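Multiple structures follow.
Heads up, the next two complexes both have chain A, just with different partners, chain B and then chain C.
Take a look at the complex of A and B:
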């Protein structure tokens, strides 16, 4: 009982609030038919994930999560929505094959993640490094996490080329 | 159990609550003062006295306006998205409060001197863009929506040079911690070592706070009032309050990054305490922001975009590269 009072209790409560925000946001991101509500849900979910990073003791990753996912990606998504078809038009009905495909893709990804989670040998927070200086982060980014870093830039490159192709294609169609 | 509560109150909680009250009070008073100052500056630039009737030189005018705003009816348009419409003005104020956590008013006057303080401000400032966007969309009004879209395009464009210019300072100090960044400017302010970054930061910050000449999200002559067209009463007041507090935060960050924060020029403090130096710098920068607004005409949208993507971003990238090389060589 005493764990629910004082600083520790507040921390417990805050953890569950953050988890609730993440899951609730994820639900909002998937189920409503208004696409702007979906984005708001996505923002909530990603902010919740940032909160979880905070609980894991890495302020830096939490802030990067906010800066990149909420600040850049979600805003770019909203921007794309505002440039696309008007929202007051009737939304098309959800087709079953599409739903099945979506659920299937999510399931595959979830199982993959589950495999990684089960296989990873987790370390308790105090055993990990607490050094958050810029030098350490930079060193790690260009040595240990170099591959991930490069792969991410490759993904971004593909996305940019895809955007150019898509935009160029539709422009050629309209002209 | 009561002991734990008392201990908690004594250590952390009391400080947080007192800090919160001080920050809330300060942000309100500061906004009231800045609105008055803006009217005065505007008036004098246009060769008229500005507000004169309420209080000496109209100093109480904004308090009267604030009372009027609080008393006004809150109108929600019938076809608005009700939840988002109500959330937006609250959301716009949240990042403002968070930023005060890490602002270095003086050597010892920082609520939390975090090692990622600088990132904290920029990470949370995105929520105010989000609020503008949601408010503009939820209003279900074409002018509000246009204002919101413009605001996002502008913020996406100017966030990049803003962060890149900040990165050149971070490269020089190897730290995101405000106290270390300010302490590194003990002898030379970074505006002398990083004049390009300073200029880019200030221009981009003017755009990020939607101030003229970059105030196209609320361009009165084209969009009525832009994203807050449908807002009335204190909901409008919150947008207004957030804008002026954001101006203060941007100026405070600029003062800490480029103008030596709480320190006097070239290591001379001239007997003034750090807090006084800091506030002097911040309010001078705020005055310059107002000076901008009443001097420059509003830019056109394509000019705004071209200026960011074709001038500011390449320039800030080049500046970052040169800084990296120089820091490595020294």
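Take a look at the complex of A and C:
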């Protein structure tokens, strides 16, 4: 009984640590003025989200999250920072009405979401499958979600070509 | 820890932090970072519904994969636009990008 409680307690502790990392990283990604601190916060928050996916029972999605977000998107953002903004440029002052408006809007939205979450009576589907395996995901991707899979491949191709054209064309324009 | 509401509230907090970032930042890269946070919150919602309510546990994971793909495409396009804008204006403050404002 005590061993079971111990494992459960450790799992609880780990869960709240992961939640803390996620929210702390999100705060670090939004509030500081230095853009590099924001990127570090984003990396923390997205790693925390990967941990949340682990608790939600999907190792595969957690690894994908680490690979795509932390490994690709954050590195691309760091590249863009290095290429764009000299860090010695002055940061613009924050105007109070804009900050108050932003905080108010986000707070109202959050309270609305909270009301919906608490008030709704969530009901699980009457019969639920238990098949979490990667094999099923691959099967579904190539059968039922074939069209979406192809379309997202096309979207990625167009996005990459568009990114190259946009960045390259502006270089020719300005030089 | 094992209830749907915990995950939903966490996702709502992430989403609202991202919304706050989009509304108050003027650094374009900061806004992009905030948008990534919002997408992360939405993905947590999908995975939580997938874990607790959905009839087929593979579908939510597939949707989360698609969200990641869209996020990668969005980051690539957004960063290249930011680079182009920086070359034009020597700044990535959104309030300087007002050539089209009347």
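FYI, the second predicted complex is superposed on the first by the 101 of 175 C-alpha atoms of A that agree within 3 Å, B and C clash if a C-alpha of one lies under 4 Å from a C-alpha of the other, contacts with A are read in each partner's own complex, and residues count from 1 in each chain.
We adopt the following convention: a residue touches a chain if its C-beta (ideal position, glycine included) is under 8 Å from a C-beta of that chain, and two chains touch if they have at least 3 such contacts.
Here the structure is a predicted model, which is why all the values come from computation and not from measurement.
Chemist: Could you tell me if A:21 is touching chain B, chain C, both of them or neither one (first, second, both, neither)?
Modeler: Neither: A:21 stays clear of chain B and chain C.
Chemist: According to the stated criteria, A:44 is in contact with first (chain B), second (chain C), both, or neither; which is it?
Modeler: After superposition on chain A, A:44 lies in contact with neither partner.
Chemist: Please work out whether A:117 is in contact with chain B alone, chain C alone, both, or neither, and reply first, second, both or neither.
Modeler: second
Chemist: Please indicate which partner A:155 is in contact with in the superposed arrangement: first for chain B, second for chain C, both, or neither.
Modeler: second
Chemist: More residues of chain A are touched by which partner: chain B or chain C?
Modeler: Of the two chains, more chain A residues are contacted by C.
Chemist: Figure out whether A:76 sits in contact with chain B (first) or chain C (second), or with both, or with neither.
Modeler: In the superposed model, A:76 contacts both chain B and chain C.
Chemist: Could you say whether A:63 touches chain B, chain C, both of them, or neither, answering first, second, both or neither?
Modeler: A:63 contacts chain B only, not chain C.
Chemist: Given the touch rule stated above, what does A:35 touch, chain B (first), chain C (second), both, or neither?
Modeler: second
Chemist: Check chain A for residues that touch chain B in one structure and chain C in the other, and list them.
Modeler: Of chain A, residues 60, 64, 72, 76, 79, 83, 132 contact chain B in one complex and chain C in the other.
Chemist: Show me the residue ranges of chain B that touch chain A in the complex, using the header's touch definition.
Modeler: Its residues touching chain A are 1, 4-5, 7-8, 12, 81, 84, 114-116, 119-120, 122-127, 129-130, 133-134, 137, 145, 148-149, 152-153, 155-156, 159, 170, 174-176.
Chemist: Would you tell me which residues of chain A are touching chain B in their complex?
Modeler: Residue list for chain A touching chain B: 2, 5-7, 36, 40, 43, 59-60, 63-64, 66-67, 70-72, 74-76, 78-79, 82-83, 132-135.
Chemist: What does chain A use to touch chain C in their complex?
Modeler: Those residues of chain A that touch chain C are 11-12, 15-16, 19, 22-23, 26-27, 29-30, 35, 38-39, 41-42, 45-46, 49, 52-53, 55-58, 60-61, 64-65, 68-69, 72-73, 76-77, 79-81, 83-85, 89, 91-92, 94, 98-99, 101-103, 105-107, 109-110, 113-114, 117-118, 122-132, 136-137, 140-141, 145, 148, 152, 155-156, 158-160, 162-164, 166-167, 169-171, 173-174.
Chemist: Contact residues on chain C for chain A in the complex?
Modeler: Per the stated touch rule, the residues are 1, 4-5, 7-10, 12-21, 23-27, 29-30, 32-34, 36-37, 40, 43-44, 47-48, 50-59, 61-62, 64-66, 68-77, 79-84, 86-88, 91-93, 95.
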